[in-house]
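Let me begin by presenting the structure, written as structure tokens, before commenting on it.
Order of writing sets the chain letters: A, B, C and D. Residues in each chain are counted from 1.
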Amino acid sequence: MTPSRPYKETPSYTATQNACKLCTPLGASLVFQGIEGCVPLLHGSQGCSTYMRRYLISHFKEPVDIASSNFTEETAVFGGGANLKLAIENVARQYAPSMIGIATTCLSETIGDDVRLILNSMDNSINGTALVHVSTPSYSGTHVDGFHGAVAAVVDRFNPADKRIVYRPKKKKTINLFPGMLSNEDLRHLKDIFEDFHTPVTILPDYSERLEGPSWQEYQAIQKGGTTLSAIEKMNVSVHSMEFGAVLALAAEKGQATAGGILNKRFGVSCTRLPIPIGVKATDRFLDILSQISRRPVPERYKKEKWRVVDTYVDGNKYVSKKRALIYGEEDFVVSMAGFLAEVGIIPVLCASGGKSKTFKAALEQTLPENLIDQVIIQNDMDFTCMEETAAAMPEALRPELIIGNSKGYAMARRLKIPMVRVGFPIHDRVGGSRILHVGYKGAQQLFDTIVNAILTEKQTESRIGYSYM
Amino acid sequence: MTSISVLKQREKQIYQKGKQPFEMTCETKSLAGAVSQRACVFCGSRVVLYPIADALHLIHGPIGCASYTWDIRGAQSSGPELHRMSFSTDLSETDIIYGGEKKLKKALLELIEKYSPKAAFIYCTCIVGIIGDDVDAVCRQVEKETNIPVIAVHSEGFKGTKKDGYKAACDALFSLIERNKAPRVTIPDSINILGEFNIGGETWIIKKYYEAMGVKVVSVITGDGRVDEVMQARNAALNVVQCSGSVTHLAKQMEKEYGIPFIRVSYFGIEDTSDALYQVAVHFKKTPEILKKTRELIKKEVKAIVPSLETMKKDLEGKKAAIYVGGAFKAFSLIKALKTLGMEVVLAGSQTGTKEDYEVLRQMCNEGTVILDDSNPLELAKYSVEKDADLFIGGVKERPIAYKMGIGFCDHNHERKIPLVGFEGMVNFAKEVHGTVTSPIWDLVPRRQNPIGKEGAI
Amino acid sequence: MTPSRPYKETPSYTATQNACKLCTPLGASLVFQGIEGCVPLLHGSQGCSTYMRRYLISHFKEPVDIASSNFTEETAVFGGGANLKLAIENVARQYAPSMIGIATTCLSETIGDDVRLILNSMDNSINGTALVHVSTPSYSGTHVDGFHGAVAAVVDRFNPADKRIVYRPKKKKTINLFPGMLSNEDLRHLKDIFEDFHTPVTILPDYSERLEGPSWQEYQAIQKGGTTLSAIEKMNVSVHSMEFGAVLALAAEKGQATAGGILNKRFGVSCTRLPIPIGVKATDRFLDILSQISRRPVPERYKKEKWRVVDTYVDGNKYVSKKRALIYGEEDFVVSMAGFLAEVGIIPVLCASGGKSKTFKAALEQTLPENLIDQVIIQNDMDFTCMEETAAAMPEALRPELIIGNSKGYAMARRLKIPMVRVGFPIHDRVGGSRILHVGYKGAQQLFDTIVNAILTEKQTESRIGYSYM
Amino acid sequence: MTSISVLKQREKQIYQKGKQPFEMTCETKSLAGAVSQRACVFCGSRVVLYPIADALHLIHGPIGCASYTWDIRGAQSSGPELHRMSFSTDLSETDIIYGGEKKLKKALLELIEKYSPKAAFIYCTCIVGIIGDDVDAVCRQVEKETNIPVIAVHSEGFKGTKKDGYKAACDALFSLIERNKAPRVTIPDSINILGEFNIGGETWIIKKYYEAMGVKVVSVITGDGRVDEVMQARNAALNVVQCSGSVTHLAKQMEKEYGIPFIRVSYFGIEDTSDALYQVAVHFKKTPEILKKTRELIKKEVKAIVPSLETMKKDLEGKKAAIYVGGAFKAFSLIKALKTLGMEVVLAGSQTGTKEDYEVLRQMCNEGTVILDDSNPLELAKYSVEKDADLFIGGVKERPIAYKMGIGFCDHNHERKIPLVGFEGMVNFAKEVHGTVTSPIWDLVPRRQNPIGKEGAI
């Protein structure tokens, strides 16, 4: 049943048609939302911040405030320094934030504003509000680069090399976790896991409360929740860092500065890089490492969850075996999701991303079993139009039967008439996008149930008969 | 709500009727750092041109502007759907350094070859203004090579406000109309519908009315728009402009160049819709048949919707609404429509109102109503809670603010999918309002819980 | 917008056409599966046990062993005593169970086997295996009656009136919970809640582990998990009992013997009867009572969950407001589900059940707001054919737009072209039916998300355009 | 696996090839308390008659029997779907006391009025035998009143085994055929297909083959069945009986009454399907054309499927299978089909095999294979794990046993929705087997984890 090598030619165009990526500052803004008391400020036009707010709101269904330095034509000519300062002052006054996270846009980057210099001139703070800058020109990289860049910038800012390590308590073995771009439910679940391991953790960023809070009695300028600055400042005394993301790991190997890397280099905090723990095997790996570092056994609850999900895999094996899927999204997400699919017997025949790392293919080759790689088309820097054309051009026996990714693939799925399972970011056409659980055994359980049920729904609906048993 | 302080520089953009002498500051740039609900020049242009369904809309810049505006509007097409695609030159670092003209040209030629559009609009984003691409030159070349209109839209985000974007779009539209080299023939009793974008099929509703009146619709700019149709716009006898100004600039240009008069109308609510249709009928009074038909039409339509409006009114009587919309003109209509439903407006504001607009608003509103220009989340929350609103009418960015405070919400922006214009639109509007205002969910929100001690935010 | 009184005539037939109920012994068998080491034994034909096993397996995807006394023609003539004894011996030998739960079928009931007498003659036990009998003639009542009957029979058997209360420790304030027919996930969640309240609980029955266990290294004659007999024996020293089910509560008021009632009458254990906690308000009530009895505040975690779900209700209010739903299933389930729907603004225009209690209507009237009752058709003893005909005959403006219930309504939903949300029991055409969470704030969250997304899916799919934003 | 003990009384129903002298006990009642995988008399009747799509199937008894058998089978119909409904007299306490005859009659008349079936089958359940309803009398009355055949099926659950249910169904079918009062005309080169229930459309596959061979199919009993067609069965020249006996009783009766000869065949696997078609062709050797066409057909069909079977065989070679099915005849075919795929059978058993059946099984199997009669979950688990099976073939009740032990599973029962008969069915079967056996999921199950120390059951 090994199908012959699939159709590998993918169309190529100069223009991007329905992009499968977002611009760099969005990722940074999301990170800033995950820090307690932090307000993101985009140094650029008003539109950037409004568009990104709108985009994030449609996913999280929560207020997402992002300030703008609001360039004018004069700013563009004479430089944005004055505007930036004014913006910082106004944000500080109106929000009284703990921190302002400043991300530069293509505009300010191109006119060459030296934000670092400007902030230095302000002592990197204003009335006790810390100012942190991340360079995010949208013409280089994608939102994922902005995300990782912001995490690194924050860690860098609050853990300077000359910082004196005041204390290193032996008992509180805090672990740093840099989870990458996960859902609120993922973050909540990870916090539960660390709690059940009785191991303190500092997760950066953690927008799970801020971007999924309660209704309010009184309006809150800045929603509650997020990683505290004091926790971030103590990251250098943690016993270990964990960084999720197979592609990020390869980038770090090649010298990219990551948060975990900075802490390792400056303070010798050891760092494990591992794929996002999606699926049983990847979760096994995550919990094994956690168990080793925390010197705690895996709690009974997770053992139960694991064997329950394995049992579920078994129950559903025949529905998914040899099914062909198209997955897309952020590169790290696609890699881990492909690993999960392979683990349950689904062939990820087309793995696509708008990302531009050079290690996407390598990461997938590390993740997927050898006998599958031949059946998989791997493509980054890909837009939805090329994805659709590639899928449509595949011979019928090799064409995807299932589409797995964020809601932006809906139009494609609709035209291709292939059922779609919504995961990842963003989910704009359903509620609860931020409550999708991907990680851990429980995440594997939910993904598996959802995927099997999508297949069963399609089968039942398309059947002339529509049986009530499956 | 004393915890929310208003920025000093913003004080002049906030007015509470009855309190101070009325002296509203407006039409200013948004304050840096103020988290305005406004967008940018590009946004303004994109909104106006978006519904032209057989044109190629190529966004020249890095990817963001294209990603965030992909298929976000409810503007429907009866035919081609090219407008729902998101095209970008997706400029990268090297393009910034060496210039994006070549890439733009290549992209354009490929896309025109692939999709055979009837025209192409190239939107210039912030960065294009900075790196100095001669987009007009590229457009001229490509127009020559492909024989379709290829038009640059000068919508660099930072070069003004959303309104400047409207103007840039109008320029592009006028430039398109100008390309029609056939002799002008004024069609009797004919109009262009301007500033109507066919959200949820609204254009079709309005067209249906005009057809029933015996008025010919030459073109709609730009609802369910087609390039060829837009190019015929020169031949209409009257421009009927909706919305508080997005396409007014074009109407003025057409008046100046072609002598086509224009009137400003709103199709929102019974009162304004009737008024709009009457105005057009009166304009064509030389054909008395039109006025007669118009009277009949309005009578019939109003009769059809009154019973269901009355039923809903029973539940809505006395409920309070907050309004924050793009243009002030829309706010006027909303206030009237809400009155029809027995509701009171306690907050009204807009992103882009003029001094005159705010004066009209002030006159329409009751004592105590708060009037806001270019507001932000904190102010909107503060005042709608202080005024104890049951309903907030706004766009997607206002939604979470209303919801966080436990206030019902009605989307009156381009993202909605339901037609709200005309008589039948009024029923839809009433249903939307009724649905949210009477939902039992509000019993559960912290703000509505008694005793207030029950904390919500925990 | 108050629609005029809906079409209330429902068709009536002598035959039952596609029943919305199951027979009595099934409920009893399920209860027995929820007791540690217990094997159910049906006193009747071989077919009964095989059919019920098959039915339960299709829902739980787990082995469900139910023994049979396997009547023959001679048994029917000469009485089933000998067969029953042989069956008990064989089950005891092969399974070495802690208990054998004996449910009589219509056959043994009709020929008049006196099972109580037979068991008494065996001293109600065999080699240390307890024998418990519940009378479940399938011609009277439904599976729900079998369920409650079995719970009461078990409590009765292990808490005889003359039992000496050996100890009554003051510190361990155990609560008895009789949850009724809930899903595995519901039971797991309830256990978590009690744990988070630091309050020991005895839940009867608890099949959540046994009917959703791990894959095995070695075959297990009886799966692990379930309420232990020793815990059941101690129910009479618990501080309180809670019984879920609004219809059950009314039945108890009218004198039906329930488990909680027995413990109250014999030992003075106080008992609260409340509806299944589906939805925010019902969960509030449950946690309030739990908080009072345990004298513990509601844990932070649940407060967060509550306000998060309220916020979600708000976010989705316009998608559900005034939507019309048809709900069916067990009476208690329908009552609580209707309460949840009303709470979020959905009108349960048709509430149907195959159950035969005389208090279904009364329970719904207690639960639904007064202004809704007029718009609701309430009907028990109803089958799927009458349900479908009733729905189809309703004027379009009043007809259900959403069907909520177990998977047996699929054919009806398909014909009526109304989207369906699967909840309750059984789920035969999807996986994960036993993992559906109904109770608690989290259950409300998941139900709400699922319902809103079903509405959005329908809207998007049926739309000519298929927007990618909602 | 020493923890599982086999009941003493069951020892004679278990045989491991090579170990003891072969002396199998079978065709006994299931042991009380043994958790048999068997069903009851009613089940046997219901299976056989179920596919008759234009008949009314009314179950006379309390609700259970009807609820548990609602739409559980994959028998398809090309037209009416009345068979997929679940009708019950739903007897209640008072009916038990006063008798159910009146209710039965009323229910029947109503249902016949409502659904206009071509015939009605009334299934008697356990309790009907006890309370003594004269169902035959009611049937006679209703038949008279409605002018359609109304036939009682005496399927009281406790009155025997599933096999007795088959017989009761055959009696009902024969009674239906007998109602055909037209003169018998034997159609040349014609057959009835017996014991084929159109699971997943299997009847259509087989019919297609016969049509290609030039053989006329008079009726199928009961796949895609129609009352009128069944009544024509008297006119066929040959009865071709599939399945190990469910409809053999009918074939025997028809042979006795009408002199129609019958042959027993299986359509499962290449070997048996070819054999079946040849047997029929040979029977009609007076029409030599048939044999010629049959040869061509088989050649063509086999050629079409061999390549894909060979590809899958590569992955399956040497894998071990356990089989537990209703009838032993099916087991024979499965063993051959699994051999085609390179697989070995390590356990074979049936619910209803005869002594002769088990002798055949013994001969077909390798040394060491375990043979089981009327087994139960504990035994099935014990031996399939001991024999290290990679695959279990059985029905829905066996599925969780296989899965719990981490063994792949193939549903070969009436609940499956995929056709497994004939040549194309063989490919489907191979795909099913291949899909489950090669799934990577087995790497994760406790049984397959090394070192064995990693506990699964926790």
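The rule is short, and it goes like this: a contact is a pair of C-beta atoms (placed from the backbone, for glycine too) under 8 Å apart; a residue touches a chain by one contact, two chains touch by 3 or more.
Just so it is clear, the structure is predicted and the values come from calculations on it, not from any experiment.
K.L.:
Any chance you could check whether A-B or B-C wins on number of contacting C-beta pairs?
P.N.:
Of A-B and B-C, more C-beta pairs in contact link A-B.
K.L.:
So how far apart, in whole Å, are chain C and chain D when each is placed at the average of its C-alpha atoms?
P.N.:
Measuring from centre to centre gives 34 Å for this pair.
K.L.:
Can you work out the whole-Å distance between the CA centroids of chain A and chain C?
P.N.:
40
K.L.:
Just the number, please: Cα centre separation of chain B and chain C in whole Å.
P.N.:
Roughly 52 Å separates the two chain centres.
K.L.:
For chain D, jot down the residues that touch at least 2 other chains.
P.N.:
Touching at least two other chains: 70-72, 400, 403-404, 406, 445-446, 456-458.
K.L.:
Scan chain A for residues touching two or more other chains and write them down.
P.N.:
Residues 58, 61, 213-215, 304, 307, 310-311, 314-315, 408, 411, 467-469.
K.L.:
If you connect every pair of chains that touch, what shape comes out? Choose line, ring, star, complete or other.
P.N.:
Topology of the interface graph: other, matching no listed pattern.
K.L.:
Under the stated contact criterion, what part of chain A meets chain C in this complex?
P.N.:
These residues of chain A touch chain C: 58, 61, 212-215, 304, 306-308, 310-312, 314-316, 319, 407-408, 410-411, 414, 428-432, 435, 445, 449, 452-453, 456-457, 460, 466-470.
K.L.:
For the complex, give me every residue of chain A touching chain D.
P.N.:
It comes out as residues 1-2, 280-281, 300, 303-304, 307, 310-311, 313-315, 317-318, 321-322, 342-345, 369, 463, 465, 467-469.
K.L.:
Give the list of chain B residues in touch with chain A in this complex.
P.N.:
Residues 1, 3-5, 7, 9, 29-43, 58, 61-72, 84-93, 95-96, 103, 106-108, 110-111, 114, 126-127, 129-131, 157-161, 377-378, 381-382, 385, 396-397, 399-401, 403-406, 445-447, 452, 455-458.
K.L.:
Any idea which chain C residues touch chain D in the complex?
P.N.:
13-19, 21-23, 25-26, 41, 44-55, 57-58, 61-73, 75-76, 83-84, 86-91, 93-94, 105-107, 110-111, 137-140, 142, 213-221, 224, 385, 408, 411
K.L.:
Going by the contact rule at the top, pick out the chain D residues touching chain A in the complex.
P.N.:
70-72, 74, 76, 308, 311-312, 315, 400, 403-404, 406, 408-409, 415, 417, 431-432, 434-436, 438-441, 444-446, 456-458
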